[in-house]
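What follows is chain A paired twice: with chain B in the first complex and chain C in the second.
Here is the complex of A and B:
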């Protein structure tokens, strides 16, 4: 599917013009959330599309959010410095866990379970260091005094956040495109088909996998840090742990993880769904929204494994060229 | 130095023994997960949540309906076994030919469903059985009867499964399936039925674990998250589908958690266990007992 350049430019122009036309704070809030999570889901699919299904991204996101907030609160370090440091920390974590996994061919179920444990452990560490991180009660970055808001990356205006999130989301799509057109993409495709064969034709399997994992971890940590700066409140359950990891995997799959816009569609659907359910059921029925969410996800995986966008595109393709499958 | 020796003598020994007792229950959990993986080639991400449902089952039967523990326990085991079979029939069976990742994520969806179901149906309060078993004093060391009982019951459960797998026709068929999936259906074995039986057996083990864990821990909808990850680590360290490896790994991890908890918080015990796991992956990447390639 090639999108013409004009459509791109028109789409971006419309996205930039939007807050000048429509300024409803609630709608902007939802849009910012969708954009930030789209970025996180995109970073997950960068790995996921090559069969590297990680359930450790909750861990990377937690590191991104908590390191940024801790550096600001305890050392007074501006998020402008703190976010890159947090991203480096997440990348190091990815290296420490990824290297043995890839070096010793831990794939499939094993890889999923190892990364799953990783996100569980990050959750435990955050809870265990409750003297610093506030434990399961959550954590709030200190409010910046007026005039230092730019330094602290804290803005009250939702429009500013909308533009930040839009920029990050676009950069996520660009990274996707860059990887899609790089040599690494062919190497990863080969690896996901058959690791031994790929190694036999000269692909450095460990290095290629590590590269993609580190890129993905960096992006996820950035998403976590931004989420923290935007919401001004993080708790172990919302930015780390197994449920966040599963949420990422689901959203990417619901949208379709083999197409660049898939994770975005996934974010739109899952966040709108969650919000509708939350409002529909009200506050006195905690849990119902997740119940419906879970049922829908299982149904999706059983009946639409390629995701919504993936299935639609495939249908369009087969209609055009009935004899050829992509 | 003297202070260190004091700690060493009593508390260390107590922690080591408590570690062994914890290892029994962890081994039981790992056995259930390994069984499912070894036979059906599926990982139930929601395994710990089945245990959670079982713990609620125990709570309601004992606390609300006033059944004695000895009657509630078999009922709970049956309940979770039925749940396991249903999970296979509804979610896994349609996905048997799908990519493994989809199967895995579908059970992840079930994790969401079970957690939120428990939240909706039972609320998020911590509940316990209200049974306080006495504490056994041995020298200066304290061991709760709950742990001793759990350990003994877990061992008995594992022996029963072992006998079932080696002495009965169905058990033999299940072991054969884990060796070669395709050939078994050619030999006239009804693999669908065996998958259901295996899932029910895995569920029953989760139910047994629930009956034992509910004696020691309060139950709440997210209790599965506190021992789910460690069970996965145990299974991977032992080698997925490798029963003996899982058994040994369970005790190794239990000791690390117990000793780590002695010197610091319990959470740090888990963190230590994970660090140990990463190191072990360098040394024995395919599991503790894997043959070197």
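Here is the complex of A and C:
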């Protein structure tokens, strides 16, 4: 479904104006989280929509966050340089895992299992190297001395973070759009249906799948690094590991992974759910959100496989068709 | 144009293709016939890179094809259709063909791919409406789409796999005429694998007959249809022999 240009401009203008009108720090904090996670879920859906269901994205996110923070703390390398390096590291990891999978046609459930192992391995590496990474206790980037905040990409003002997150979220949507309109999208749609038939019209199946996987890994690592810079605290539970990977799959599927705004809707739902549980039940409800995710995921896959936004758009389309004929 | 020598394919010791050699001349239509399991599709799969031959060579315009990945073979100029059409349902008809035009011709430009798609669709007689979906096509339409996809890749040699299965008689005649038109107008060389012998005999320049993975006969349609070995292993029943003879007679009166 096409969104008219006017709606886009009005939406972006409203988003830019928002922090000048409403400066409640808690609400801004929630918005920043929603925008960063929306970007992460969008990154996941960029390959997930073609049937490349990955449970390894927690690994990419962890690499993005930890490599950036470690380079800053140990080598004093600015995140402006550290983040691109972390993204490259995640892309290399994606190549190492993706190439053998795609070359030897590991698809479907088997691909999911390989990526699940990737999540597990990154988690193990983080905990095993606890002398450097803090292990399961988590890790904090060193506070920058005053005057070096920009170099360290550390800001106390939530408004600045809101704009950074907004920019990143928009760029995620633009990347989605760029892919959606490219010949690569045709190729990936074809590959997701029938790899042999795609190869028979000249598509290099392995290369196309690698391309989309690397784009997705780069974006996910960026999301991890920004999350780290914003929260100033990372732990395997929050940016890496299997639960983060599952959360990405869940949010994208619930929101609707075949439409550009679907993952954003997924982020709104998951973060509001987590916050409601946290405020309503406090420490009594630790881990409940995962339970709710699990139950909802099963229900969605059975009853609403196109997700909330995907289903709404489909309904609108089918309602519009008869009116066109009359 | 294509020189195949001593081609062998074994699957776990079973020889699906056993020491087959043949050549294809530029701008001819070569018919490839034989009973089920005689090795026709296996030869196609080797020519298009689905799997490599166990032994033997396949030289296309002087360059060896054995060991090349399917997308590289397409880019060298060999297009193929599948026995059972394999359209991409997630794409529109136009997108199906544009995809082939883009990736089949070495990813030059989108505009060129779309031009190739329009030409291919017009050639096979499908609508160039950009929004039409695949699901509205019947058996004949799907065969046409399959052919359009192969044509959009810009082939010099077209491997057409049993393109007439599932069609009624008039559709069969149309499809056979289509292959001839593709050769006559575009100068594309064609190897045509087909079960239905009558229609094939009317269109092809030469025929090669396979049985149990071996070549048992090769030549002009008239010679092959009269070859006792072919009648024995392929035609089998009198009804089929009569059909072939009738087709041959029709071909002669046309000339």
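Following the convention adopted for this analysis, the second predicted complex is superposed on the first by the 314 of 326 C-alpha atoms of A that agree within 3 Å, B and C clash if a C-alpha of one lies under 4 Å from a C-alpha of the other, contacts with A are read in each partner's own complex, and residues count from 1 in each chain.
Note that in this section contacts are C-beta pairs under 8 Å (C-beta built on N, C-alpha and C of every residue); 3 or more make two chains touch, one makes a residue touch a chain.
What you see is a predicted model, and the numbers here were worked out from it, not measured in a lab.
Peer 1: With the two complexes superposed on chain A, say which partner A:16 touches: chain B (first), chain C (second), both, or neither.
Peer 2: neither
Peer 1: Examine A:137 and indicate which partner it touches, taking first as chain B and second as chain C; both and neither are also allowed.
Peer 2: It touches nothing on chain B or chain C.
Peer 1: With the two structures laid over each other on chain A, which partner does A:183 touch: chain B (first), chain C (second), both, or neither?
Peer 2: Touch partner of A:183: chain C, not chain B.
Peer 1: Thinking of the overlay built on chain A, is A:272 touched by chain B (first), by chain C (second), by both, or by neither?
Peer 2: Neither partner.
Peer 1: Residues of chain A touched by chain B versus by chain C: which partner has the larger set?
Peer 2: B
Peer 1: Tell me the contact category for A:316 with respect to chain B and chain C: first, second, both or neither.
Peer 2: In the superposition, A:316 contacts neither chain B nor chain C.
Peer 1: What is the contact status of A:174 with respect to chain B (first) and chain C (second): first, second, both, or neither?
Peer 2: After superposing on A, A:174 lies clear of both chain B and chain C.
Peer 1: Could you tell me if A:7 is touching chain B, chain C, both of them or neither one (first, second, both, neither)?
Peer 2: After superposing on A, A:7 lies clear of both chain B and chain C.
Peer 1: Given the touch rule stated above, what does A:81 touch, chain B (first), chain C (second), both, or neither?
Peer 2: neither
Peer 1: Common interface residues of chain A with chain B and chain C?
Peer 2: Common to the two interfaces on chain A: nothing.
Peer 1: Contact residues on chain A for chain C in the complex?
Peer 2: Contacts found on chain A: 183, 186-187, 189-190, 192-194, 196-205.
Peer 1: What residues on chain B touch chain A, complex-wise?
Peer 2: That would be residues 37, 43, 45, 91, 94-95, 98-102, 104-106, 108-113, 115-120, 124, 221, 225, 228-230, 232-233, 235-236, 240, 265, 267-268, 270-271, 274, 277-278, 281-282, 285-286 of chain B.
Peer 1: Which bits of chain A are touching chain B when the two form their complex?
Peer 2: 51, 53, 55, 96-97, 100-101, 103-106, 108-110, 112-114, 116-118, 120-121, 123-125, 127-128, 241-243, 246, 249-250, 253, 285-291, 293-295, 297-298, 301-302, 305
Peer 1: Using the touch rule from the top, collect the residues of chain C that touch chain A in their complex.
Peer 2: Contact set of chain C toward chain A: 48-50, 69-71, 74-75, 80, 82, 86, 88-91, 95-96, 98-100, 102-107, 110, 113, 149-150, 152-153.
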